[in-house]
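To start, the structure itself, in structure tokens.
Every chain is named by a letter (A, B and C) in the order it is written, and numbering of its residues begins at 1.
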Amino acid sequence: MIELDRISHAYPDGGLGIGDVSFRLERGERAVLLGSNGCGKSTLLKLIAGLLTPTAGQLRYRGDAITPARLKDRAWCRRFRGEVGLVFQHAETMLFNSTVLEEIAYGPTRLGMKDPSRLARDWAERLGLAQYLDKPPYRLSGGEKQRLCLACILACEPRLLLLDEPTASLDPRATGWLVDFLVGRKDLTTLVSTQNLSLAAELGERALILGEDRSLMFDGSLRKALDDTDLLWQANLAHRHEHRHADGTEHRHVHVHRDWG
Amino acid sequence: MHIPDGLIAPQAYLAAAALVVPCWAFAVRRVSRALDERTIPRLAVLTALAFVLSTIMVPLPGGTSAHLSGMGLLVLAFGLWPAFLAFSTVLALQALLLGAGGITALPVNALIMGLIGGGVVAGAHSLVGGGRSAWATVIPVWLGVVAASLGMALVLGLQPLLGRDETGQPLFFPFGPEVTLPVIVLPHLVLGALEGFLAWVVLGRFDFCRATA
Amino acid sequence: MKDRIVLIFWLAAVVAITFVHEPVVLAALLLIVLISIGRSAPGIARRALAAVALVNLTVSIAFVLSAWLAGDAWLQFVLRLNLRVFLLALLTFWMIRHVDLARAAAPWPSLQFIVVLALGQIRTFSALLADYRMAFASRSPTRPPLRVRFDGAGRQAAAMMEKAESQAEDLTQGMRARGFFDDCQDARDYNRKNNREENCEDSRKDNCEDNREHNWPDANDRSRLND
């Protein structure tokens, strides 16, 4: 479905966004993008969503190269935007309609889907936003905005779902809903970026780990990655600390807290 | 300047509206042409920035403080036309959301502070050769603030001429330019310097692309 | 629609009242408005008074002094100024309660988006500014000197400017990701040109030009649209 071939991205000031990343995501695959802060996870997701242009390499979506020229083709771009949904890490950047109902209905309306208002109400109901339908999005709390963003993208029924730290502002109940939803949708291809290792295990079978040098340092089984403490340590996803055991011994070792959230 | 409704005569604010509306239309066209799809989010953020900047209290000697207008800073940072549109939107939001400043004063404020003041800043900046040096920032902003205060003082000072009742008492703002000029312009000679200096401090602290429009 | 009507009536009332100069008429209008507002009149009146009191007092006192020194009349003016300014402020605060600006701007979608986005961003910036101020205060055990406070104000403004730049870029990406910049207008234009019904669904039908251009295997899959 999506293919990255030696993708690099550098920022205008010369700083490296990501360097020489290659992988393929097949239809129905569920992958988790792991990496420490600032390693390029958000940049990679934005590249896949066609929002940034790689400075080297090629990106393909269902065989079509994603290039600035292709994105100028309005018809192609509209279909692409309908099929590839990116939920941003910072929810407020995605919200621009005057009520929650309009916000969720925006995508389906734009895509010509049947009865966008009913769709919007359904998704609001599923994500616990039904009581806010007439409210302006900017009045919602951080967690509510995050759920609203999810509803906006899911209402468009994307084929490829890109989620950037989706549970950062979500409460446990909403997190549980999201995990169940993603697990239940076998037809959906997902790439979820997270630093939450315990959640990662629920969100996919495949791990893509970006190192601090912003290159892809691991592409393989998520289970294998989570069991490899050296790998996690190198990727700055695990830490060492003074560790006290019940028997009173103290030492330092690489420690993976699976309950971060 | 937050002038409430009822102080400016209809002849003045309607004339100002007739002048400023085509300017807004022109500004929209200029900004849209220069910024294409980024226009809407950029203008929205600029408006919000201008709104919040105007709440920043600049401390003054003596324990008092003044509000930034931010117009000079916005013009130097983003260009005259985006700054003018953002500033006008701020005036509208202040009037329609907070009741701060009258809606009838809006065209007057937009014209004088936004367009004339902003235009003086932009013109002076380009006359001194552009750039971010102290001279190239402080002086244009100072000139813009003083020009705007002069314009405002003249508009307010004109009000007694625009109508008096049968007893000779003014219908609107009652003081002529002999009062408004010193009362309004003199403090702005100082405030303008402060705004100019603050603009220099702010612009020197970060690097960004200026949207030229 | 209701918001636009209220806004238009309010604007017309404001303009009309600036043509009224008789204190008695202004007083009568003020009474009518206060009665019409109903139970919330005291609250709205308080807000209106707070908004105009300083200016009105300053101008009134200055005028009374100058008129008294010159031996001129002043009562008519003072009554007219205060009644009119207060009446207009009252109407404005009453309007603010009843008008949703974003809905009022609905006929002009670009303006509406700017208003909605700006209101959201104002909250973000205001929260950031409040945090900066609190942080500055928490790190200043004693009142800092003027130079430091001035510099602090400059840093707050610079932080706002940096945030504005990155917010603008993020917002643009967020809106672009949701297709805001390539919306149905294109489909409408295409359909209008070809005498079709103005319906975005047309763009997904078999004979639509869009579908012929691409080789995706399920280019004509409409199951998602029509169940």
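Brief remarks on what is shown
Just so we're on the same page, a contact is a pair of C-beta atoms (placed from the backbone, for glycine too) under 8 Å apart; a residue touches a chain by one contact, two chains touch by 3 or more.
These numbers come from a predicted model, not from an experiment.
Of all chains present, the one whose mean CA position sits nearest the global mean of protein CA atoms is C.
Among the remaining chains, the Cα-based centre furthest from that of chain C is the centre of A.
Rounded to whole angstrom units, the spacing between the C-alpha centres of chain B and chain C is 18.
Taking each chain's centre as the average of its CA atoms, chain A and chain B sit 43 Å apart. Mean C-alpha positions place chain A and chain C at a centre distance of 33 Å.
In chain C, the residues that reach two or more other chains under the touch definition are 113, 116-117, 119-121, 124, 167, 171, 175-176. Of all residues in chain B, those touching 2 or more other chains are 41, listed in ascending order.
Looking at chain A, residues 96 sit in touch with two or more other chains. Within the complex, the chain C residues that touch chain B are 11, 14-15, 17-19, 21, 47-48, 51-52, 55-56, 59, 62-63, 66, 72-74, 76-77, 80-81, 84-85, 87-89, 92-93, 95-96, 99, 101, 110, 113-122, 124-126, 129, 146, 149-151, 153-158, 160-162, 164-165, 167-168, 171-172, 175-176, 181. Contacts from chain C toward chain A in the complex involve residues 100, 102-103, 106, 112-113, 116-117, 119-121, 123-124, 167, 170-171, 173-180, 182-184, 186-187, 199-204, 209-210, 213-216, 224-226.
Those residues of chain B lying in contact with chain C across their complex are 2-10, 13-14, 37-38, 40-49, 51-53, 55-59, 61, 68, 70, 73, 77, 89, 93, 95-100, 102-104, 163, 165, 167-171, 173-175, 198, 201-202, 205-206, 208.
Across the complex, chain A meets chain C through its residues 46, 49, 51, 62-64, 73-79, 81-82, 85-86, 88, 90, 92-98, 106-107, 109-114, 136-138, 152-153, 157.
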